[in-house]
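One chain, chain A, links the two complexes that follow: it is found with chain B in the first and with chain C in the second.
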Partner chain A sequence: MRDSTQRWSFALRNLIRHARRNLISGAAIAFGFTGLALMGAYLVRTDAYLAVVSVYLNQAGHVSIYKKDGLQKYLTYPGKYTLSPQDQLRLGHLLREFPEVEFTAGFLIGQGLLSTGCRDVPFLAKGIDDKKGLRIREHSLVKKWTPGLIAPPYDKSLGIYPNIGDGISITGQISQMMGKPKIWDDAPKAVSPVVTDCSDKAAKAKLAETADVQMVAKAFNGDFSAADAFIVAHHSTGLAFSEETSIFTNLSHLQKLFQTQDITYLAVFLKPDTSTSAFLDRFKQKLDAEVGGYDVYPFYNEKISPFYAGVMEFLTTMASFFFVLVLTTIIITIVSFLTVGFMERRREMGTLRSIGYTPRMIAGDFFRESTLLILLSTIGGTLICSLVVVIVNSLQIQFSPPGIANTMPFMLTLTPKLCFSVAALVGAIGLSSAWLKLRKLTGEPIVDLLRG
Partner chain B sequence: MSESTKEITEGGLTFPDLPGQFGAGVDSPDDQLSNGVATTLRVALGSMTDKPLVSLSDVRKTYRLGETEVQALRGVNLRVLPGEFTAIVGASGSGKSTLLNIIGCIDIPDSGNVEFEGRSTLGLSEDEKSHLRNRSMGFVFQSFNLVPVLTVSENIELPLLLQKELSPTQRAERVLSAMSDVGLQDYAKQWPDKLSGGQRQRVAIARALVTSPRLVIADEPTANLDSATAHRIVDLLAELNASRNVTFLFSTHDEKLMGRVKRIIRIQDGAFET
Partner chain C sequence: MFRIIAMLVICLPGQAKAADSTPEDLLKISDRSRGGLASTVTWQVEIESSEKDTKSNRGFEITAKGIDALAKATSPSRNKGEVFLFNDRSLWFYKPGLRKPVGISSRQRLTGETSNGDIATTNYSRDYTPTALPDDKVGEEQCHVLDLKSKNPSTTYDRIQYWISKKTKLAIKAQFQTPEGKALKNAFFKYGNTIQFEGKKLPFVSEMEIQDALMAQNKSVLKYQAPKTTQAAASVFNVNSLMR
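Presenting the complex of A and B:
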């Protein structure tokens, strides 16, 4: 029995021998594990959802590169704080040395007015290359984590209208505000009539039948600029605060409107499972050493993704609070049950010591039991968690958290890494408690142990 | 048995004539011999000396129960020679268990000295005491103290598992031998809770004997047994004492068992009766 297999067999037998008590202890550990894992599953899900929204749907990229101070000043001095074609070439050359980069995309941001002739809405337009835009929206992570945001009617990318150079995508909210529900597919090439009386309901109805609008803006060189555009798609940014102003259009179309060849920032999209912070550190180091004159931001920077940063900070703080509460309960439960279990077997410990077993040997044998109990409990907890996740996710619960456009599915994502981390935490707490208790108990005088 | 062992067939044999077997180190006038316990005695010549197996000098032990102090042992002196079969008799609370615990190195006295095979046990470390208990002593408890998740043979094997020099085969042989000695050879795979009280105590005795200890300490081994079973257990201990020349030291408060033991030490209020 001193052989390893026999020792574990002995431990298992002891577990079975005290089946009822161990079942209660195990259930307590399993449910504690479940509580922690489900909390983690919600955090994982929310983090992934918001990260995808920030990185892909809002095109921040995992890392975005601006001209130095460009992020703060590009709207005020758009002509001065943009990346010229030379900047883009230089950065592109540098980024080729990083194999973890999946692709890059340049974006031009400009503000202006979108007009139907009767109604004007301020916009913050983002120009993107057609093919890059399509690639972003069809990215596997977007489909995985935010399927609701690219499902119809949001599945029409600018990229599928290669022949419509002046096509734009607007949000559903802008569509409502402007009274322009139609898109190119509904009314191709239809041009709005000239309306002289905007209070005329019939005129308004005619305007609603077409998908054309006008974009008006102050060009980067200070000139007044205007361009016609066709609404070819509706999209959602996923975030309420940007739903009223967000427009996407072809990069060349926007550059033409603002009369520039520049872009506002270069977004760097990393391959899945790449650590953004690790890449950022290496890239910044190289950028500063070789080029300089640029600012680099990760997607989780509050200036780039204030919503992501704010929500995750809030959720993490709240989750940490509940995490500590649940963890404390688990610790107390584990320690109590293990202590009661050990105390009930003091006589056995005394007997073993009287026939020559040292305190360390006895503690080792009892420790194996605790290990098995915690291991089986965490496996049970994982099964319970998986069941809960399947049930919750299949219910398709929708909710509208503050700051999120439309509704968001209440989903949980249980990952092996999460399960392993929680199990390691619960295991470490349980086993260290057990070991400390056992060391103390088995070291007591044998006569006391024999009294039971 | 070693080559230095000779057989002495009992038949009017006077035990005090055997130096080192009885008589020496007696602190109680109640020492007596049990007649007809064993038909054959194997006495190791090496043990036939005046050198005691256990020696206690002025051993004192006081327990503190809150404000109250209980003097469990008040300056006890005792010598136990190899091969003795001794009963410590006394009422509950007289100090029997304390005495046995101190001899067995599972308790320590407040003062005095305890020697086992001529070496003081008081200065031993916990590991040394564990080793001593495993190699030289066996314990039998009132409530058997078997491990319920182990079979009879596994329970008996427990102390042998610490003896790394033994192969699994050697361990199995010893276990089988010990089970045969106590008449439980057919119960190897039984679980303790399927056995009667008497059978469980036999398992405990086999576990105590399996390491071939020099001394077996039994604390009230018959207290949880009915009268008939108690007598059988004491008979068994006496037979084993005779056949294996193991020194037995056990406590009891059952006067009916006195006729079966060779030496009786009476204890009252922590001191031997004179």
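Presenting the complex of A and C:
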């Protein structure tokens, strides 16, 4: 034990003794580490942002359960491909056996027209129980990763108006298209008059004053149907393609409009840090064995979250390309610096060999030096990364990537897992190249080593 | 003088006949037998729709006058109380529980192959610009064929090809089309009813069968019963009176 401690202490002394040379090698390792870690930090951030948007804000859940073929056909044959109350009971019973499930929520999806009396906008409405909706919005992961999407003007939700049974939340874009800027809290608590002449500007202005609208749709039984609604909140789906049509409303309100007791899908929300794929495998196995007749999708399936799947695939491909480039540069740099360092110390190796050190002992000492150098360099790299992350995040840079509604904050997220992974990679490259070089060098004849 | 009067007597009926045959006049005449009358008319309509393996039935009581019409749902019982009001070119829907009537489009599907606009009166002479096409036969019936193009976007269909019997001046077939002329639906009419109008007995539509142009098995049959002229207050057609 003492011997081992002495050897590490000896390695540290040697490292300090060659401070200038090691500082250059260490800087190369630290900056290589920083490049890889920052690239990873951007990927981590984007993945978390889009995953939270998909799972929570667009309510796909970590896993969603549809009737067999329901995902493809729920809008065309809504009465046939939805989950009946019996289906919901059966699935609820089965899910109780999985402790990793945090909660479940049933969603009804239907399409129709939203009307002010003078302006109609097609909608794709999603109905959810008020309390569950509030629970989703207030989830710690939503607050952590997408605070901007629940901050003003999106800080109000259906769940905080339990007494308004026919409240709806619309996107800012729908609000603009319909000329209905006001929500329940800001508008007079009245219904706008019937406007028979929409070219009358005064009448149109009256429509803009109130928060009432009407929904028109074809019910699941084929009947023509309509329902009143009050706009109580504005929301953003976070995704450009759904901003023109997205409406959220109370589940019972939407069920009344579509004259059904069914839901379109059951979303399963897992406890944080649960592996979705591991849960999915186990659940599917049990579902197929015990009931059958359902389709189950994880949130990262392209049919459920095409934007998430598409963006992450693109980013991963792009990042992999840059990763290979950066990694190659890092390997060359680290190996060069370490090799030059060892070559410059050939005489020292020769002297040690001549006083009785075996090649293995010398290689071991130098290897310990390299280990300490890499360890200190990655710690330094972590500090540099942390500093860059703090600076970038504090700048609050907003940008508009294609497909994202409004803007998205350009932020980086450095996690311990990411740091350890990159450090392990950099360490593996540095140490393996050091070990290979040392074994070759220390095995050379003493005379050759002493010549330098 | 006698010769002039004699010529007038001989020519006038001929001129009238020629006027009847213009596309516009053909439309006006055919509209009357599909409810487009100046006086108040009421009738019942039962709609039987079949699509793949599903069948449905709807019933309405129609009150119409000129450009206005009121359709009250009579069956099935879950739809009782629902009302469609056609005010000129606007269409309103109301059902118990709604805070106010909602403006809807006549193009929206009501049931089966039937659009909202199909259940009310027909005013093609007002809503469409007709152009004569070469004559054609529907079965054994010789017909004038008109190409009707919509004058405004609130009509039920953008374009209609319309077959009007040369003998009876009644429309016996319609093909509802896209603006480019692609067939959407075909409709066939029968006139087994009569109605008293200005002291005369007019034939009145008794059946309208609407088929999907691509899948003819998807169809709706509208059966018209008990048409009669009556009196109705103007307020019947007032949108604000629907909530009372």
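Heads up, the rule we're going with is that the second predicted complex is superposed on the first by the 449 of 452 C-alpha atoms of A that agree within 3 Å, B and C clash if a C-alpha of one lies under 4 Å from a C-alpha of the other, contacts with A are read in each partner's own complex, and residues count from 1 in each chain.
In this section, a contact is a pair of C-beta atoms (placed from the backbone, for glycine too) under 8 Å apart; a residue touches a chain by one contact, two chains touch by 3 or more.
In this text, all values refer to a predicted model and were calculated from it rather than measured experimentally.
Asker: Between chain B and chain C, whom does A:R347 touch in the aligned arrangement: first, second, both, or neither?
Answerer: A:R347 sits against chain B, while chain C stays out of touch.
Asker: Taking the superposition on A as described, I'd like to know which of chain B and chain C A:R17 touches: first, second, both or neither.
Answerer: Touch partner of A:R17: chain B, not chain C.
Asker: In the overlaid three-chain picture, which partner chain does A:V194 touch, first (chain B) or second (chain C), both, or neither?
Answerer: In the superposition, A:V194 touches chain C alone.
Asker: Looking at the overlay, does A:A202 come into contact with chain B only (first), chain C only (second), both, or neither?
Answerer: After superposing on A, A:A202 lies clear of both chain B and chain C.
Asker: Touch check for A:Y357: first (chain B), second (chain C), both, or neither?
Answerer: first
Asker: Who wins on chain A residues touched, chain B or chain C?
Answerer: B
Asker: Touch check for A:V447: first (chain B), second (chain C), both, or neither?
Answerer: first
Asker: On chain A, what residues does chain B touch that chain C touches as well?
Answerer: none
Asker: Contact residues on chain A for chain B in the complex?
Answerer: 1-2, 10, 13-14, 16-17, 347-348, 350-359, 361, 445-447, 450
Asker: Mind listing the chain A positions that touch chain C in their complex?
Answerer: 113, 115, 117-118, 120, 191, 193-194, 196, 212, 214, 216, 218, 222-224, 226-228
Asker: Would you pull the chain B residues touching chain A in the complex into a rising list?
Answerer: Touch residues, chain B against chain A: 101, 104, 106-107, 126-127, 130-131, 133-135, 138-139, 141, 143, 145, 147-150, 154, 157-159, 161-162, 207.
Asker: Please give the residue numbers of chain C that touch chain A in the complex, ascending.
Answerer: For chain C paired with chain A, touching residues are 54, 56, 78-79, 82, 87, 90, 92-93, 95, 98-105, 108-112, 116, 239-240.
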